[in-house]
Structure formats: C-alpha cells, structure tokens
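The following pair of complexes shares a single chain, chain A, combined with chain B in the former and chain C in the latter.
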Partner chain A sequence: MTLLEQDTQVLADAVARRAAANNDAAWPADLRAARERALRLFTEQGLPGTRSEAWRYTDLRDWGARLAKALGSDTRDRITVPDATPLPELEDAPTIVIANGCLSGEPGGLPAGVTLSRLGDPQGRAACADALMEQLGRGLDPLGALNSALFEDAVLISIADDARIETTLQLVLATSDGVAAQPRILVHLGRGSRARLFLRQVSSGEAFSNALIEFGCGEGASLDLLRLQEEGDRAMARSALTFQLGRSAQLDLTSLDLGGLAIRNELLVRLHEQDARVRINGLQFVDGTRHADNRSCLEHLAPRTTSEETFHGIADGRGKAVFNGLVLVHPGANGTDARLGNRNLLLSPHAEVDTKPELEIYTDDVRCSHGATTGQLDADALFYLASRGIDRDMARRMLVSAFARQVLSTERWPPALVTALGEQLTARLPHGDPS
Partner chain B sequence: MLEITNLRASVEGTEILKGLDLSVSPGEVHAIMGPNGSGKSTLAHVLAGRDGYEVTGGSITLDGEDLLAMEPEERARAGVFLGFQYPVEIPGVSNVYLLRAALNARRKARGEPEIDAVQFLKLVREKARMMKLEDSFLQRGVNEGFSGGEKKRNEIFQMAVLEPRLALLDETDSGLDIDALKVVSSGINALRSPARSFILVTHYERLLTHVQPDFVHVLAAGRIVRTGDRGLAEELEAGGYDQVLAAVNS
Partner chain C sequence: MATNQQEISELVSRKYRHGFVTEIDSETLPPGLDENVIRRISEIKGEPQFMLDWRLKAYRHWLTMREPAWAKVHHPPIDYQEISYYSAPRQPKDAPKSLDEVDPKLLETYEKLGIPLHERARLAGVAVDAVFDSVSVTTTFKEKLAEAGVIFCSFSEAVKEYPELVQKYLGTVVPYRDNFFAALNSAVFTDGSFVFIPKGVRCPMELSTYFRINQANTGQFERTLIVAEEGSHVSYLEGCTAPQRDENQLHAAVVELVALQDAEIKYSTVQNWYPGDEEGRGGIYNFVTKRGDCRGARSKISWTQVEAGSAITWKYPSCILRGDHSVGEFYSVAVTNNLQQADTGTKMIHIGRNTRSTIVSKGISAGRAQQAYRGLVKIFPTAENARNYTQCDSLLMGGDCGAHTFPYMEIRNPSAIVEHEATTSKIADDQLFYCRQRGISEEDAVNLIVNGFCKEVFRELPMEFAVEAQNLLNVSLEGAVG
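Up next, the complex of A and B:
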C-alpha cells in the first residue's frame, strides 16, 4: 500500500466508524438506505485528487488528515461553540444557529410565514426527508457523499407562498475546534415570496466544515442572500450552495470570503424556468498561506434568463485565490443574457491567482460576455492620491478597500449594515505593500 | 517661492527638459505655453514628483527647501497641488473621503488634530457650491463616470478645499466647453491671493483671457525660450508657435 492509499484507507475507516454510530434509527428507511449508498460511494472513491479538473488547484490531502483526526476524537459534548459578532441592524434579527452541524436551541421570534423543521424532530421529519430524498436522487460528488453519509441533522427553512419577509433572517454555521461538521440545510421559498437571509460561517481552531445548502425558489420568488465567511485562520471549510430558480424568480447573492486556512466553495445556480434572474457579487481575500477556491456554475435552462456575476479576488502574502466561473447556456435557453467578470488584485509577488471564466453555449440567441483580469494596484491612482498628500500606506489601503467594497451593494441591504460590512472588510484587508 | 534652475529631466532615457529656469514669487500667476511635445506636462509632473520622470540635472527649491528630495505626498503637504490633465478615476473612493484623508494627512504632518466633521462638511459644501457642484457629487467615487468638464471642475474644487501655496494646473482648460471654462476660471480667480502662486500649463490662449497671468513663458524643446506678459499669449494666438519660435531662433 502506498502512503496515499494508506491515508485513504484510514479516512475511509474513520468515516465508516462514524457512520456506524449515526443516531438515525428513527429516520425513514429509504433515507437511511440512501445514506448507506452515499457512504459506499465515499469509501470507494475517497477524496478527489488534484488530477481531477474540478480540484486542480485545491489539494485535499491535508483536509483528509484533518477530517480523519476529527472523526476519531469526538469531543462535541464538551466544546464551546464560537459566536458570530453581532452586526448593526441585525442585533435583534431572528437567528438560526447550526452548531457543528446540528440546530442549536429553538430559534425564537421567527416572523409569520417562516417555518423551521428539522429531521431530528418527528414533527418536521417527513418534510425534511422528502426534500432530502429528492436531492440525493440527483447524484453526489465525493464531498456531497461524505456529508450525506454523516450529517447528524438536516434543517428545512420554508417561506410560505406570497409571504413577504422584510426582517432579515440570520443563519449562523458555527464549527468548533477539532470537529468535523456536516451541516445540511434546505431553504424553500414559496411562490411569490420574498426573503432576506444573512448566512454567516464562523469557527474556532482546527475546525472542519463541509456544508451543503440547497435553495429552491418558486415562481416569482425573490431571495437576497448575503454570505459572510469569517472562519478562523486554521479552519478548513467547504460549502456547496445550490439554487433552483423557478419562473421569474430572482436571486441576489453577495458572497464574502474573508477567513479560513483552506476554503472551497461551490455555487450552482440553475435558472430553471423562463425569466429567472441571478446577480452575484463575490469577494475572496487570502493572505499568509491561506487558500480560497471559489467555483460557480450558472446554468441557463430556459428562455430569457439572466445572470450577472462580478467576482473580485485579493491575494496577499503567499496566499492563493482560485476562481472558476462557468456559464452554461443549454439548448432552448433563447434570449439568455449572461455577464461574468472576475477581477483580481495581487498585492505580493509571492501571492497566486488562478482564474478561469468559461462560457459554454448551446444556443444562438444569446448575449454573453466574460472576462478576467489580474493586476496590481493602479500606479496612476496611487500617484493621484499621493499628489493630494496621502501617504503610500494609506493610499494602498484606500485602493484595496475600494476594490473590495465594490462588491457591496446598498440596493438590497440596509445602508447601516453595508457600512458596517465595508468597515469590517477594510479592517481585515492589508495595505498591500508589494515589497 | 519657487526656484527652478537649469532643470534637466528624462523620460525613459529621452531628455525632455534641457536646462529650464523659472522663478515664481508669491501671488504670481505664470502661464507656460508651448507646442505639443515641448515638455509642458513633463515640467508639471516633475514638480509633483511623478515616478518615471528622472531628473538628471539642476535644482528645484520651494521656499529654499529641496523639492526634489521630497516624496510626492510630502510635496503636497508642503503646499504643492497638481491639477491633472487627465484626472484619474478611483471607483469606490468617494470625493469626500479623499478630501478628508488629504486634509487630515496635511494636518497630521503639521502636528495638528484631525479636522472636525461638522467644520469639514461646511467647508466642502461651500467650495462645491463655488464650483457649481451639487452636494450629491461629494459622495460619488472620485472622477468615476464624470464628464470631462466635471473632472476638471473637480480638480479645481479639490484645490479650493486643500488651499495649496503653489498650484500647477496641467491643461486644465482642455476639453472644456465655454460654460465649464468660465466656472473653472472663476474658481481659479477666486483662489488667487498674495500668498498663493499658480503655474498654468496650457496649449491655448483662451484660458488666459479669463485668468490674467502676470507672466507668459514659451517652452520649446525643453527650455523656456521667451518670457513676456499677457501680450505674448496674444501674439502666439495670432501668429502661432511657428512664427514666435522662428523669431526666437533667428
């Protein structure tokens, strides 16, 4: 056995042992059978290697070791769960906390039209299980299989048809030091409903998180989602967000990756029915030896669907930022309008950016554009600021911060929240000395 | 106030300024005119300290201090202001944020406390009105999506807020329609004072009908070849650079 095979076997055994201890006897038999299949899939395949195109830039070997270690030492009952720092405007927001993959407490104050069910609770079980079975039937990648084999609970957030939820709902995924969490969340927006969701990811120490979140948006539904990833600087976290948009449904996503040692996000948006629209603004920031890999796939499956993605990357120190954006226009998706842009700022000669925006178009009647740029701070802008008396450090800071803030929009979110987020970005970002 | 002696400067190995002398006293307005490629903009950039302009000889002093030894930001804090020919767009940095940072940088360098927020807003609003700029303009990204005229008005607006001792205005009149030219000129005139000097770099005489210079210099092939009063600008307008330069060379 090679060393690599040995590691793979150790991991497979750890996953199998944990799965055997799953506390899911009361769950529906078909769901349990599907979990068994997922477990077999994972133990047979293991984690994908860098030879697989989708994982070319993110090497999961360290992740495997972390995962095996966390699965081997179950300390969940004794650990503290990290808190997310409250942000203005959201201090009183109804908050759902998923701690180490399980719903923590009973969230109070959910507005009318919002229901929360979970698999672990006999009352909500059927609704959750149905949604999960549908999802599991669509096939799984290895990390999806891992999550499916091991998740300890699943949470379903439903927004009733025509409910206009003006209050921002907060969803916090918290992972503790030494834990491997498999959060599994389903969000369903009924026909004509509207919701605003603030998703936060936090962790402490050597956390491992592998979250699967699926959103379904019914006809005419509108979802504003703000995702703020502030994992600890030793965390490894992967999240897969999937969206299915019905006729005239709208998704506005702002995604901010600020923390984590190794981050991998996969975003799949299926514009399933005509006139569905998605707008994505993303930012990833890496410094030190941190790594972030954001992949998005926007699938146009129906006529007159629109997508607009603007993704910014900032890499400092020896950090590595990876972006891969695919716009896929299926046959029959006439009148598609798709714009995809990725801009990257390299602040250090040792930092790395890998970017690949892609278009795959199988119909003629489309308007599509894509582009990617990677560069340093604009020398003309730096001189302009210096000529006003602003010193170099400050000028750099201003330009880096401005580049980052461009992904924040006040159209959809309360200005005070956007201001606070902007300040948080600025505080987190470096001054970008290139030397 | 400003003494430029035998200044030589190169860009990418090509000598552009070839022994330029200029002396500016407090309160004076000097116009530097000259054909394309004569070194007008190079002079403005060398004075402001732009990278890529190599000074190979001569000296520049501001009140006896060696200007060439200072970083661009230090020159700005010492009272030098460059109005750009092509003001840079800086999306995401608002005008008002830039100005507050600039004012505070200068105050900090002088050991003064940061400017009071109310006082600052009062100041920028007053100056914006002078330049016929709406308040909403203050919150917009620096030059972001501005028209050519707005960019130039913004330069003069920044100058009005920063109150430099020496203002270098590089082709501030280019690309302006007649109304914008009037606003920009009256802004410059309003800032004229016995303590403040101006160097107006311009290709055309028309700015000088609105802002009366004390001296007009003709720059050609990297040197000042003629100096006169307002009448020289009119001569240039009537006869063109060729005629004036031919007279110099003969």
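Up next, the complex of A and C:
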C-alpha cells in the first residue's frame, strides 16, 4: 500500500465512521438510501487527483489530511462560531446563520413572503426532502457525494410567487476551527418573485467547509446575489453553487474571494428555459501561499438565453489563482448570446495564474466569445500617475484597487454597501511588487 | 431557401476528388507488431545498430503506455495487431536515378493528383521528395541543393549517409517517451524526410514533400526531422491526399524541428487525407506529433496548416521557445464536414527571455462534424517579458455541428503578457444578405465570407499552397450554410 493509498483509506474510514453517526433516523427512507449511495461513491472514489481534468490545478492531498483530522475529532460540542463584521446597510438585515452546517438559532424579522424550513424540523421536512431527492438523483462529483453523505441538516429558503423582497437577506456560513462542515442549502424563488441575497463565508483557524447551495428561479424571477468569501487565512473551503433558471428568469451574481488558504468554488448556471439571463462579476485575490480556484459552467439549454461573465484575478506573493470558465451551448439553444472575460494581474515573480476559458457549442445560431488576458500593471498608466506627482507605491495601489473594483457595480446594490466593500478590497489588496 | 439548401447539399455531398487506388506490387509485412517486426523493418532498411536499439527502446516503452483518451474525439478501439507496419513499392535493386526510371504507374498517380512531378517541380522551383507509402521514390533538385550545402533526402537515406546528424538530433524534440503515438512512431517509422540547412545558408528553394497512403491496411508512420543551423533559413511544404478506402487507416507521424541561433524554419501543411464518407465510414485517423524547438537565441519557428481531410485529426504543432528572443507562430485553418472530428491546436512553451508567440486558429465546422481547438500557452518563471497573442475563431454551418475551444494558459512570470480571444458564430445573415443584394449568388457569397474568415492564415502560406488551400475549401465546404 502506497502512502497515498494509505491516506485515502484513512479518509474513507473517517468519513464512513462519521456517516454511521449521522443523526438522520427520522428522515425519509429514500433520502437515507440516497445518502448511503453517496457514501459508497465517496469511499470508492476518494478525493480526485490532479490527473483528473477538473482538478488539474488544485491538489487535494492537503485537503484530505485536514478533512480526516477534523472528522476524527469530536466536534459535537460546538465551539465559538466566528462572527461576520457588520457592513453598512446590512446592520438590521434579516440574517440566517448556518454555523458548522446547521442553522444557528431562529432568525427573526424575515420579511413577508420568505419562509425558512429545515430537514431537521418535522414541519419543514417534506419540502426539504423532495428538493434534496431531486438533487441527489442528478449525479454527484466526489465532494458533492461527501456533502450528501454527511450533511447534518438542510435548510430551504423559499420566496413566495410574486413576492418582491426589497430588504436584503443575509446568509452567513460560519465554520469553526477544527470542524469539517457540510452546509446544504436550497433557495427557491417562486414565479415572478424578486430577492436580494448577501452570502458571506467566514471561518476561524483550521476550518474545512464543503458547501452545496442550490438555487431554483421560477419563471420571471429575479435574484441578485452577492457572495463575499472572507474565510480565515488557514481555512480550506469548497463551495458549489447551482442555479436553475426558468423562463425569463434573471440572475445577477457578484462573487468576491478574498480569504482562505485553499479555496475552490464551482458555479453551475443552467439557463433552462428561453429568455433566461445571467450576469456574473467575480474577483479572486491570492497572496502568501494561498490558492484559489474558481470554475464556472454556464449552460445554455433554451433559445435566446444570455450570459455575461467578467472575472478578475489578482495573484501576489506565492499565490496561485486558477480560473476555468465554460460556456456550454446545447443543441436547440438558438439565439444564444454568451460573453466571458477573464483578466488577471500577476504581481509577483513567484505567483502563478492558470486560466482556461472554454467554449463548447453544439448549434450554429449563436454568438459566443471569450477572452482572457494575464499581465502586469500597465506601465503607461503608472507613468501617467508618476507624471502627476503620485508616488510609485500609491500609483500601484490605485491601479490594483481600480482593477479589483471594476467587478463591483452600484447598479443593483446600495451605494453605501458597494463603497464599504470597495474599501475593504483596497485595504486587503497588495501594492504589487514595487521593484 | 429551399433551393439553396439543395445546392448546398449537392456541394456538401461532392465526392472526394482524390479517391482512387493505384495498383502496384508492394512488399508488405503481415499485420501485427512485436520486436521481430521492428527488427525486420530495421533490417529491410539496412539501418545501423543505434537505430534498431532506439526503435526497440521506444517499442518497449510504448508497451507500458495507454492510448490517450482526453481528446474530444470518438472512434472504435484501434487494434494495433491488425495493422501492417511495413509496405514498400517494389523496386529494382538500384533505386531509380532519374524520373524515367520510376515506375510509370506511380507517376500516373501523381498526375492524377495534379502533381506532374518534374514539370511542375521545375516550373515552381520546388524540390519534391515524394513519399509513396513508406519509401522515398525520387528526389529532385538534389544537386542544386547540394551546391548550397543543404541536405534534403529521405529519412532512410539520412540514417545511412549522415548517421552522426541523425543520432545527434533524432528524438531530441519529440522523445520516444513523449506520448503514445510518438512512441509507436519511434518504434515502427518507415521513412520520412530529413533536412539539414548548414550555418548561414538560406535554402535556395522551398522544399516540398507529398505524402500519400496507398496500401489498404497499412499504417503510415513517417518521421520528419529538420535541422536549421545558426543563421539559416528554410521553408518546408507538406501536402497530403489519400485514396478512398472503407477501412480506417492509421497515420501517426512525428515531425521534429530544431532551430539554432538566428535560424528560421517555416513549416506549411495542407492536409487532405480521405475524410470518410457521408456516414462516417472509412477515413484516415491522423494522430500526429509535431514540435519545434527554438534552441538558439533569436530563432523562429512558424507552423501554418490547412486541415481539411481525415476522419479524425489529433494534432498540436508546438514550439518550445528556449532561446532568448525566439519567436513561435501557429496559423491554422481546420475544416470539418459530415462526421469528421478534429481536435487540434498548439502549445507555446515560453522558457527564454523576451520570447514571443502568436496563435491564429480558424475552425469551420459543418454537417455533423465536431471540432475542437485545444491549446496551451505556458510561461515559465524564466521567461522574462514573454508575450503571447492568441485568437481562435469558429464558424458554424448548420445546427448539428459543434465547435469547441479549450485554451490553457499557465503563467508564472509577472512580466509576461498573455492575451486570448475566441469567438464562435455562424455566417451572419446580414453579411449574406448584403452580398445577395449585390447580385452575388449564395454559394459565391459564402465562398467570399469563408475565404475572408481564413485570410489571415492563407496569407501565411507559400503562394502555391495558398491556391491549393482555397481550392480545398471550395471542395470541402463552400455553400454549406443553412
């Protein structure tokens, strides 16, 4: 047995032991059977290696060790849960906190039209279980299987048909030091509804988080989602966000990855019915020895669907920023319009950027394009600022900050919030190598 | 639109023009592959020991490898024991010294292909090293080239005449361990071309080789090695047509280019192997490894290709930009129709400082064809000020075809600038409408637009090839718009 196989075995055992301790006896039998299948899938396959195309640039060996360790220690007695710093305009926002994979407390002040149910609660169980069964039937990757085998509770947030929710809902995923959390969340937007959701990910110490969040948007529904990932510097976090968009549904997503030691995000947007639209703005920033890997797959399944994605990456120190963006146009999705842009700033001689924008197109009536650039700060812009008496350090800072802030738009979010986020970005970002 | 559709389907269903078989007596080894077959090939070719040793090493390594499965192509499994690994036209003991001595049937084949060897070669000032199946039959203009000190001969001849050069460079760009098909080729290759341009020499003419597969069931395994010494320059043309066959034929070639300091190699290809019929029966499997090594400072390697044929194309002409200030270029037009599949692209590996690369790839997909661009741009930490520009555009004709783009960019130097752009669309209705209302027929309009789409690449081809390439597009595609 090689060292690697040994580790794989240790991990499989730890996962199996934890699954055996699952407190799910009251859950529907078919759901429990599906969890069994997911467990078998994971224990048979283990974590994918870098020879697998989807994991080419992200090595999960350290993740496996962290996961085995966290699963091995007893975390039933929950320790302190890290807090998210309040942001302007959101101090009084109704907040749902998922701490270490479970709903924490009862969120108060949910606006009319928003209901919250969870699998652990007999009242909401049926609704959650139905939605989960549908998901589990769709096939899982190894980390999806891991979450499915181990999640301790699932939370369903429903927005009623035609409800126009004006207040921003806040959803916080918090993970504690030494915990391996498997948050499982379902968000359902009814026909013609509108909602604005602010998703935050925070953690402390050696946290491990593997979140699966599925959004379903009914006909004409509109969702604005802002995701701010500010995990701790030693955290390992993977999140998979899936969106199903109905006819004329709209999604506007802003995604900011600022923290974490090793981050992997997978975004799947299925434009299921005609005239659905999606717009994505993303930013990932790595420094030190941090690693971030963002993947997105935009699937056009119906006529006249539109997607637009802009993703920026900044790599400093010995950081590694990975981007993979796929636009997949299925047969029959005529009139598809898809644009994808990825721009990267490489600020240090030891940092690395790996990018792969992809197009997979199976019909001819489309307009699809993608572009990717990687480079350093523009020498002309630096010179211009220098000629205006701005010192080099300041100039670099301004340019890096401007590059990052391009992904923030005030169009859909309160200006005060956007300004605060912009400031947070600027404070977090490096000046670049001044040499 | 109905009549147009009809015209289109007529055009699209046009039969492969170069589909015929010339019957010539051949010496063919029985199908199968083992060490004895390799020993026999080496023996027939009268090779020195080092070649046999190298072949055997490659073969033993090949046995440990698995056929790659990552490409976006589908085909039934290949039985490597069903292939005959050697077939040579039967020749008198002494090879022909002039064209008059060449088997007239062979010459007839070239006539049918539109390559009247001696006449056109002289008129065009092109030396042709024509490879018929696996053995070089004739080489023209050798003397003229010899005056300039240029060596241009078949690979077998090079192994005998210039073993020290072959030994020095063979496998240094594409090692036998490189990939499954390269290992197979290294073990069983039967012939190919060898070019050596000595220091400071500008090759006085464009060098050209026409490849042609003839025997049914014979895999064709060529190996080409081009070495350009310091300050030299060469332009090399490769073109292929193959006769119509129902069984799939495997073609696994290897091309190695070495450019030393200040040298420049321009390698152009027009590939028109038999693509299979409308139902995807038959056709060539074209699994090729092509790589150039810009070893010296300021060296340049430029690949230009027009890929119109083959049932399956698996090909990534690449440049290793090792020398400081070296330049790599890749210009490609790939056309797929009916059930053809192509997975093609390039790799630009930037190692040296101030290295530059340009990639322009144009893909046209029609019928039920699937085409993919797959490329890698890798910037090493040592590649200070490296620069890459990539553009890949795809044109789709009809709702059942596919076009895919998989560009990998791995950047590890902050002074590098890497840019990639890709677009996919069909021929715009407004463009077509504009041409139609100017009285241009639909067919001519599509012709015009497609040629315009490919112009950036055709411009890079030597003149004779540019003409052939446009004709090829006419045959394969024009009018295939819905």
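The definition used in the following text is that the second predicted complex is superposed on the first by the 431 of 435 C-alpha atoms of A that agree within 3 Å, B and C clash if a C-alpha of one lies under 4 Å from a C-alpha of the other, contacts with A are read in each partner's own complex, and residues count from 1 in each chain.
Rule of thumb we're sticking to: a contact is a pair of C-beta atoms (placed from the backbone, for glycine too) under 8 Å apart; a residue touches a chain by one contact, two chains touch by 3 or more.
Values in this document were obtained by computation on a predicted structure and should not be read as measured data.
In the superposed model, A:R428 lies in contact with neither chain B nor chain C.
Look at A:K69: by the touch rule set out above, it reaches neither chain B nor chain C.
Of the two partner chains placed around the shared chain by superposition, chain B is the only one that A:R388 touches, whereas chain C remains out of contact.
Once the two complexes are laid over each other on the shared chain, residue contacts for A:R234 go to neither chain B nor chain C.
Contacts of A:R412 after superposition on the shared chain: neither chain B nor chain C is touched. Legend: residue contacts after superposition of the two complexes on their common chain; A:S369 is shown touching chain C, with no touch to chain B.
Partner contacting the larger number of chain A residues, of chain B and chain C: C. In the superposition on chain A, A:N334 makes contact with chain C only, while chain B stays out of contact range.
The part of chain B that touches chain A in the complex is made up of residues 48-51, 71-73, 75-77, 81-82, 84, 87-88, 90-93, 97-99, 101-102, 105-106, 109, 141-142, 158, 162. Of all residues in chain A, those touching chain B in their complex are 378-381, 383-392, 394-395, 398-399, 401-403, 405-406. Residues 70, 381, 394, 396-426, 482 of chain C are the ones touching chain A in the complex. Those residues of chain A that touch chain C in the complex are listed here as 53, 331-332, 334, 344, 346-376, 433.
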